[in-house]
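Presented below is the structure to which this report refers.
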């Protein structure tokens, strides 16, 4: 993306002039609490309340198993959600991740069965990058709304899956299953992978031109273009990255399941769940506002909720009700903060 | 049946009812080539078992076992109160709902079970893997597993076997490490029961429509494979093999189209009964007599059967198998021996015994072979009326 | 209307192709059977149109359909006398859910994508929480006749279609589109934008209720009767040339889009591309159709906020 | 630029236009709304690609497929529309797309430093590089736009109606800036509807009409009237319709009205009169209009016929507002002329008047009810907004910058319409930043300062008198 000429800047960095008599309304007391902080605050509250509830139930929320379980359960969703964050920040969204995950898990498992782990990883990266490229090109060049574009691509992948596979396929060697099962102390390798992905995305967004442009394109594509940003490239690259994340999640799941599974992505509901996690993390669905940190918080929040429900053996229907309410309430709170700040 | 996969989410995938026609000339002509899931030895074994009489109390089929190979369990013996744990694949369809309620009721019967921890994997392999991991660390005395997918859950179950006695039921796993592996005779028997009935009732040359839920699910594939063997040997004409996604509306559309095209059908075979009633209605709405039907032991079908006194049969995949794992677990913890592979009888409902299974007070999607009539809380807990 | 024309062409071609492969389709019975089958999706699309044209989404219709059927079944429980009260209740539930969607979206300023996604979770969770996991009870014959009897279905579809068209011609419809196009301008012209949007969601909920009545009637109780319908409905509307983001497109075209989608399924089955690759074909066609419509538009996306005055600049 | 031609969706917007700008020269481009000025500039800036014609810079042929290409070729442009991201900081906006790098990463310090330097160069100290743009006032944002263009240090700087949102003292700043660019040997293309600015700044001026080049002349050799004649193709002069002869009963009155931005507002609007509202940028004029219209209501004070708490209440009471910003607040751009014209009637459930009559009344030409309004010129769009309010037969009609960015021809038509309405008994309030217009139109001029009424002046007062009231002790 770094195709703009280095603009010659001679003036040394100097203290910005005092921002005196600034226009704008007075700010709401808790407005200066960023939505990211709010997520983590909510996360903390959930943990405490959950811990109490579980304790009353005669259990303990913070055992090693549950702490590990939370991370294991959130890793895959977390990685997808990071990619989804990029897409949503850029004013787009990706409904094809769920099927792509399934596809990736199968590609990985099949090639690993054939004997080559590096080959499998390479193939997954290639496949996901291609899918992302298609998504991006359809959205930018054919000007199809991201919702329809990615939904269409999702259908295409689903068709291919149904056509080629009828059930789990391939085998993942023990060596690769370490990714899914090993842990260092209380931290599973999968969680480290997630952290790595998240940090990379955070770095891209906050330190590179690409990141600045994602915010610009998501904020207002016209303005971005008029200002000399090649918006199409940004969106395409973003979708490639988003799909890569889905691919990585596919690899992770393959390593956990020991095989490729054509339904692993959709069973996990990774498409809508990742979007939910992202907005739960305070990223605006409209784009241009938000970040990865919030998303991580959002994913963890969902995972902790899950874990608490697991402990209390709440049935899955009640879980859905609570999830739905939590998501809507959270976004309502952000909307309120924004309007009062 | 337990393997009735809840149609995966997203997209026009499971869109509104879509009409349909013979999938291809090949399908229209015959039943196509045998699926890769077909294993001759298993087929023979299962068809053999149908004849055998099960050992154990006749009035408690869930405690019966067909030629059991007993294994000693003394090494697991310990004194009660027991802590039983259960990793459930899902409760996302009526069959699992009925079974799950029966299992809970069974647990309630045994005072020596002090705690019963159950985790629902919501149909997600990944979640079930971490659930099993979590349960093994919870100080359970025995772990019951109903795997979501045979292949992918095997490693997790293997891992659990090392830590505590494991009981697997319904779908299997690719390891013999569990102390016992419980399920009814199986898919080949189920498929054959229906097909043989049609061969018997439908005159030679009769047109048969085969309705399947979706391809690729092992248990469903075995059912079709068995039926296929029977049909190919018979002089019946299978005019179509269609997939319904277990969607009643789609089923009805497909059947209507076939009626429209062929004037009449002489028999309908199904690999799962959930859509049987929809199929029957298709004939009613078209104003043609309902031909010989293969259904399952759900009440709505049994009622239709009774009302319109259909020519029908209902092979079953009994939900009473949900009671057995609890019983097995207790036997194991008490050091009593259990069958290595615990094969439960798999009765079929025919015109003769229909009335014994028909329960008008139970909900339409209730499975007759729940073996729950004697359990406390029946029928309300299962959604029925006194 | 200009944007709508392509869809009618596509629809005509598909119908012709179906007739070629299946002559029965040309007989009144055959065609009506198709219409009857399409009715629920067409009605859902009509409802979804009102929401989309006002610049919003409604992802909750699928689970709402399921809820309606399951609730009706449990309450009626085979008792004919319960039919009419329950029918009324079903309609009320639809409206209510729509109202909540609308209120949360407009008053709490939650993006409708999220509001209705949440509603989707809540509905599907709540209803099975209530019935204990699986549907109970049974629908009465009187209830089922609407979906089972071809004439009834076609009649209901027709009246819904007419109602939708009239609504869009009425002041409500025009102000709704204006709101979807430029909310602020509409508000500053005295349009009750909040109310108009809430009504749009209520209409979508109502449509889901009617679709539920038809689907439940057609095939009886089932836990997955509504599965994926929200995506089909939105796809149908977009196929009809209605632009996500609001302000453009006609309701007739949206309904035509639904018929087209239905015809597409039928055709794919007829030509035996069933199961497997069916979806691939579907996906490609949907993208292609929307792309064909999209590239004809000027690049201009949103009304640009401008200082002083600005022309319709890109 | 030679032989430039461009059409949108088959609508010809530019044909055979030539434009030559020399280094160190300020070259004005004038023309009615829709004449094609902005389009021509957007072609120069690589936003649109021309259908015909060529662009040469320093004699070298260039062709831009993307704004970025133009930037690299040394073309900077201040667009007519806002091109800022409210969520991002000033510095991030200024360097959007050209973020300075250090070891491959964005160098924030350099960005902020450079921005700060440019701001102080403009004598702008009311905000800093790190302030988010969303908290800046309209005028401050315009300054950011200018800084953004300067930061390119380009060889050609295009300014498309840069003063449209600026108050006079800020215009002065801009003047100095332009001259400095000129001294640096930079070519400046200056677009404005305010002929005074054209004559103040430009050496040569190119006149466009209906997408065609009328002529390019030296400002020294022509008079404003000549220019107008060239632009409109006929003589208009600067006549305003006659003032009110008599005024009727009070249609609207406020006493002690106040809210977050206004305080102690007391005024009367009478049937048949046009009351002008003057004031500097940010003095509260729009706030006043929006308060009277219930869009940003008064929280204190009394008002007759009602003190509207919502737009609907105001509309129901027969009060209408022609908003400052047509596109964002006035029109549903993708709807037809008909649907926009009938919007108010439909909103309040009035039987819609005949669209034809309406369009005739506002003299919309050509009157095509089914056309989407976004394809109309600024002037015609404003007429549609007027038609919208006609259906209400309002007792009070408030105009906020009714002729901003509207060309001389349409301007006159709108002035006449306003006077007609007044004569039909509507009470009219008019906000305008163009003093000649304000004074020419108004029967009284109320001057605002910091959200208060600084005083009221009779018809025919001098611009100086108004400015004195508006700016006193707030030394701009």
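Chains: A, B, C and D, in written order; residue numbering restarts at 1 for each.
Here is the rule we go by: a contact is a pair of C-beta atoms (placed from the backbone, for glycine too) under 8 Å apart; a residue touches a chain by one contact, two chains touch by 3 or more.
Fair warning: this is a prediction, and the values are worked out from it, not measured in the lab.
> Could you quickly compare A-B and A-C and let me know which has more C-beta contacts?
A-C
> Round to the nearest whole Å and give the separation of the Cα centres of subunit A and subunit B.
That gives a centre separation of 38 Å.
> I'd like the Å distance between the centres of subunit A and subunit C, where a centre is the mean of that chain's Cα atoms.
29
> With chain centres defined as C-alpha means, what is the inter-centre distance between subunit C and subunit D in Å?
42
> Please tell me the distance, in whole Å, between the geometric centres of subunit B and subunit D computed from their C-alpha atoms.
Going by mean C-alpha positions, subunit B sits 73 Å from subunit D.
> Please list all residues of subunit A that touch 2 or more other chains.
151, 154-155, 158, 222, 272, 315-316
> Residue numbers in subunit C touching 2 or more other chains?
Correct list: 133, 231, 235, 275, 279, 282, 286, 304, 314.
> Can you tell me which residues of subunit B touch two or more of the remaining chains?
Answer for subunit B, listing residues that touch two or more other chains: 9-13, 91, 215.
> Kindly provide every pair of chains that touch.
All touching pairs, sorted by chain label, are A-B, A-C, A-D, B-C, C-D.
> Of all residues in subunit A, which touch subunit B in the complex?
By the definition above, subunit A touches subunit B via 63-66, 68-69, 72-73, 76, 95, 98-99, 151, 154-155, 158, 165-168, 177, 253, 256-259, 261-264, 266-269, 271-272, 310, 313, 315-316.
> Per the contact definition, I'd like the list of subunit A residues that touch subunit D in the complex.
2-9, 11-25, 207-209, 211-213, 215-216, 219-220, 222-230, 288-289
> Write out the stretch or stretches of subunit C touching subunit A in their complex.
So the residues of subunit C in touch with subunit A come to 104, 108-111, 113-115, 117-122, 124-126, 128-129, 133, 231, 234-235, 238, 243-245, 275-284, 286-287, 290-291, 294-295, 297, 301-302, 304, 314.
> Subunit C touches which residues of subunit B in the complex?
Of all residues in subunit B, those touching subunit C are 6-7, 9-24, 27, 91, 93-94, 97-98, 100-101, 214-215, 242-243, 246-249, 251-253, 256, 260-261, 274, 277-278, 281, 285, 300, 363-365, 383.
> Touching subunit C in the complex: which residues of subunit A?
Within the complex, subunit A touches subunit C at residues 138, 142-145, 147-149, 151-156, 158-160, 162-163, 221-222, 272, 275-276, 279, 285-286, 315-325, 327-328, 331-332, 335-336, 339.
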